[in-house]
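Structures incoming, each one as structure tokens.
Here chain A shows up in two complexes: once beside chain B, once beside chain C.
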Partner chain A sequence: MNLNKHLARLLPLVWLACAGGAGAADEVRIGAPLALTGSLADAGKKQQAAFALWQERVNAQGGIQVGARKLPVKLVSYDYQSDERRAQQLAEKLITQDKVDLMTAPFGSGHAKVVAGVAERYGMPIVAVSSSEPVHNQGYRNLFGTLAPSVGLVDAMIGHFKQNLPALKRVAVLGRDDVFPRIMATTLEKQAPAAGLEVVYSALYPVGSMDHSAALTSLKAARPDWIYVTGYTQDLILVRKQMADLGISAPVVTMITGPAYREFVDGLGPLAEGVTSATWWHWSQNNTGDDVFGSTAAFTEAIRARTGGDPDYVHASSAAALIVLQKAIEAAGSTDRDAVRAQLAKMDVQTFYGRIKFRADGMNDNRELPIIQVQSGKPVVLYPAAMAQGRLQAIGQ
Partner chain B sequence: METYIQIIANGLMLGALYACIAVGFSLVWGVLNVINMLHGSFIVLGGYLAFFAWAQLGVSPFVMLFVVAAALFLLGFLIQYGAINRVVSKPVLLTLTLTFGLDLILYNFMNVVFEATPRRITLDLGSLGIGEVMLPYDRLLAMLLALAMTGILYWVLRSSRIGRAIVAVRMDRDAAALMGIRVNKVYAITFGISAMMAGACGALMAVVYPITTNTTGLLLGKAFTICVIGGLGSVPGALVGGLALGLIESFAGTWLGAQYAILIGSLLMLTLLMVRPTGLIGKRGYE
Partner chain C sequence: MSTSAKLPARRGLRPAHFVFLAWALLLAAMPFLADNYFVRLATFVAMYSALALSWNFIGGYTGYPSFATAAFVGLGSYTGAVLQNAGAPMVVAWVCATLFTGLVAALIGAAILRMKGHYFAVGSITLIEVLHQVASLWSSVTGGGEGLNVPILAGGPDFAGRVFLYAMLVTMLLVWAVTLWVDRSKLGFGLRCISQNEDAADMVGIQVNRYKTAAFTLSALFCGTVGAIYASWVSYISPSDAFSVLLTLKVPAMAMLGGLGTVYGPIVGAAAFVLMEETIWAHFLDYNQAILGVVIVLLILFLPGGFLKIDYRRLWRRPLPVRPAASVTAGGEKGDKAEKAAAPLATFAREGRS
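Moving on to the complex of A and B:
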């Protein structure tokens, strides 16, 4: 009698456990370590907003088509506090304990590299939202990234600036000694001579620099007519401010990828005027695609409604990462890792973000990357011609 | 020649800002023997308060400086009185751990409330040009503030009643207590003054630097390096250490390249620890 009573009490628990187990099998689980606090929180929150928007849209349509069934999507995400070691631990947890089906990598080449390393160990396909060449040259089979190679950004800028200002001869390069900013600085240094540009100054500043006046004093003495600086927003704001303080200017001032972010323009005010950059995506593009957003304009409107501001490439690249995962699952007809990886490798789709086709190293092979310039307080597209909103304006002219 | 003058000017202005960062840190280390891990967050908090007062209410950061200083004094006083005083006479590792924990709370609080977006007061004041040499007004102001703060502190410690009490507590806590000094109150006031200086420095820095929670560790590291170079527990030492580090980074950055500026500063700190552990003007035997 007592035993029956105990069993009766346990029944609801057994039912709950079964229901939970069944539920877990009836959804597509995508893991996402996000930097929601700490130094990369800004980008992390953009990633989170784009992910949530995509998830809402997909689930409103009943989910992802997996074989014969439509399954809702569950994003399993954790805040790794912009801490590399925590990102690594949480990536392990997502794979081994939360049993996610597929993964996305966090913003930034450094952290993407760490998380992609964990995914590679477990054979887990992972799509990165912002990863540069040094992340993709590790021979990882499971890593795919929605950004195009940095060399494409540099080539587009050199070509466009030389075409519009043929007198450009002397370029000065100041780059942050960090994964993505370093590759952007060294790539320009390598590509410049072929375009008839002399590199008159070149230096890398260490992470944690609180002052650039020494480097800028040397740079000023080199008298460049193109000043090219790479770094993260707070570095770039400081460099631009100190350039003004020291009376340094040039017809072209490029800051990679400062003007792509609203906070760069807000943090500099009038000093942002005329600064150029290249970016991977701009909301004025007019792409259309077979995805939950349908067009760049629709995506832009959705982000504006959600965040109150214009989307930048982080929003777009994040949403694109989930779109390619969705496409790969649908093409594979399952969430099986090998099948999804095979579909990602041969992916070639048109989306609101543009064409996505992965190279052998997993980078997106997109070449038509926009060049932008801050004009009247807003980033304006200069190139490609199809989406140009203005012409290059030399600073001080 | 003008390039050399510019390098020296850059170094002195950077050094003054470094001194501004380190003065309060040095005071707490000197008097309380507490390595205050909250210091970087206090500076950033000061910067945020000044930024939001400017952005939302249009208050000039140079006016807000005094409000921020008063607010941070109160915060510092309460933290010392309510928390750190309970363990202040315990081994230094315990106070270090406590301030580390408090810093985590303040850091994460700022992350949640202000977010990590770099923000700057875009009040560009321009530069004073002497020939080819450019001296930005905001940096000059920071330099004057650092000198003024050090001067006032020096005067307070030497000539005022509370200053003598602080010095007495630093020299011998037990004897000071026997002389009727309320040691816990002196500790709280000292910590409050340190936080006040950090806050004022942060308010001024928001005009020059983008303020973000990302820089709290960096600012703390700078304060630590400057105190070791200048001399532990010595307020003028913070000024000398700051100026020395600023000049060294400026020359190293120009001659050897930007990537070596921080490295050379760290090498100087290590060398001093080996050959002159008391720092450039620290007192021997101070613990």
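Moving on to the complex of A and C:
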């Protein structure tokens, strides 16, 4: 008795998926668990928009070159509702039932890591779109990520600020106690002394904090001339508003990665002025590459046409994840997991997103990361020099 | 009518036992019948059954609305993960996590079980937040917000799928056996009395604090096991997912769906809930949590006894009752039955008088 078949009938969703899964050999199937509802929905929708755009472009060209044949691409995606347990369940479903050839990991370090754990057991190459160092510290062989290590972001920023404002001496760090914001805070703390900066205040606030006034009051007493805050957009908006309420300012105010998001600049209005950040990608940079988009400007235009807003690094990193999968399949000449993994490991390509070359732990070893500052209501690139649009302006001067 | 009339003789073999064992066997046979997606689904069914059965000790038998499930699952996860990282073999870590969670629950229970009703509910939900903060802030042990890696089980997906399915199944069977024992023992009787009227139970000589603490500890013990197994299964835990409030709401909903204070209600509820989540809810992505809320409200209003308390024979005779609500409010034997299920305390008061 084929119980599998009976069970599948009991579960209409599965049944539909199985029906859609026939003829897998005639297309390249890429699995994508996405957070379309729940706490990570904003980022999940950006990921979805970038994925859909890439799929359209690739299929318009006839698909991906796999050996001698050009095969269309099918993205199989499910909403995992920002729920860790559903993310695993759907990852397993993508691999065993939808029989995807390769996978992408969802936005958010924690969920990316859990999904990567499922993929690792199957030896399935998986490219993450927003994974920081702690996601890559488990020795998984199949996990790659398009974001560069946080330490690169932090070093570039310290170097640039010290060069432009040599008087910078005292730095205060306030970080969100969560995977990525935390590593950005602790990395700065670690790297600052080497550049001659004194860390005069350092604290982590828990996830879900609704009031930062106590921390900000002690921070003010430390008289920093560089205030460095990490968190997600809502946290950063709150911190910036409370800083204004408490009359706290400093020549340099950095919020990781606030100004990279349009929501941050729109939400704060004039208070966003002068806030700096490092980011992995900015739409005003001018990369060109051999991919379906061709250049940063073309990608930016396409996202604007699709979503009505400026793209941020989540859009770009998501599209880049699929571009590297495409490049790896083309180089391998097949969708065989081992062959694709081998190609990913030795990948070195120029794309609209910038250079992508994976380190041994799977992170993207790109060092040319932009530093941005909100000037006259718009994020302006300060660094690297090749794409600079303005110079660092100290706040209140 | 006396209170003992509510405790039918449940000794001996009942058909329900065979249905349950057949169900457990079906879950156990999943690796040989279907692919790994179904194996994972079966693992979740076993996991939620174990959690719902555990919650049933305090929420069902004792009638205390505990929302501490996620606190104990999280505690078990972290204990298991820390021990495994310290070099303990996987199964040893699971057992130690179980015992540790039980111990913590006994200590905390002795304190917070002096609160009743809403106060207890709020106290129990606070426990999740407190442990969440401890896990976030004690970074030297728990890894803080970065989370904690657990060594991934070698041997490939099929092997891992089986190991964790059987681990969850064994846990489910253990809780089931303990539930059977409690259901028939003096402890179960005492807990039902507490559920009906705690003061009266105290007066007739039941040591209510000791009984409640026992129920609370039992409700935590296997949550610890489940948490530890889960941590090994996922290979990575983080504070926000280990102490998930959603989990704490789902588990009581499952027990209510099946039938509170019964041996099989939580199992029926957990299975129905997981399958529902997998099929129907996937089609209502934007509203699924709102639907969960509506389902809970509807359950409390119209099906307070859960699936197991539906009188299927009556449904069969009158498939389309004209005014289904009438039977609840009307007097007579049928009305009594419905009221009894809805408010055990009221039943006790009335029965006590008669």
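Keep this in mind: the second predicted complex is superposed on the first by the 375 of 397 C-alpha atoms of A that agree within 3 Å, B and C clash if a C-alpha of one lies under 4 Å from a C-alpha of the other, contacts with A are read in each partner's own complex, and residues count from 1 in each chain.
Simple rule for what comes next: contacts are C-beta pairs under 8 Å (C-beta built on N, C-alpha and C of every residue); 3 or more make two chains touch, one makes a residue touch a chain.
Because the structure is a prediction, the values reported are computed rather than measured.
When the two complexes are overlaid on chain A, chain B and chain C occupy overlapping space and clash.
Contacts of A:Gly247 after superposition: chain B is touched, whereas chain C is not reached.
Contact with chain B, but none with chain C, is seen for A:Gly269 once the two complexes are overlaid on the shared chain. In the superposed model, A:Val114 makes contact with chain C only, not with chain B. Looking at the shared chain after the overlay, A:Thr37 reaches both chain B and chain C. In the overlay built on the shared chain, the residue A:Met210 is in contact with chain B alone; chain C does not reach it. In the superposition on chain A, A:Leu238 makes contact with chain B only, while chain C stays out of contact range.
Residue contacts after overlaying the shared chain place A:Ser218 against chain B, while chain C stays out of touching range. Of the two partner chains placed by superposition, chain B and chain C are both touched by A:Asp177.
Superposing the two complexes on chain A places one region of chain C into the space of chain B, and among 290-298, 326-334 or 344-352 that region is 290-298. Note: residues 37, 177, 204, 206 of chain A belong to the chain B contact set and to the chain C contact set alike, using the contact criterion stated above. Chain A meets chain B in the complex at residues 37-42, 45, 82, 174, 177, 203-206, 208-215, 217-218, 221, 233-234, 237-238, 241-242, 244-247, 263, 266-271.
Of all the residues in chain B, the ones that touch chain A in their complex are 3, 6-7, 10-11, 13-14, 17, 108, 111-112, 115-120, 122, 124, 127, 129, 134, 136, 138-139, 208-210, 212-215, 218, 221-222, 249-254, 257-259, 261-263. Of all residues in chain C, those touching chain A in their complex are 33-38, 40-41, 44, 133, 136-137, 144-147, 149, 152, 156-157, 160, 234-236, 238-241, 244, 246, 275, 278-279, 282-283, 285-286, 288. Considering their complex, residues 3-4, 7, 10-14, 36-37, 78-79, 81, 83-85, 88-89, 92-93, 95-97, 110, 113-114, 117-118, 120-122, 134, 137-138, 176-179, 181-183, 204, 206-207 of chain A touch chain C.
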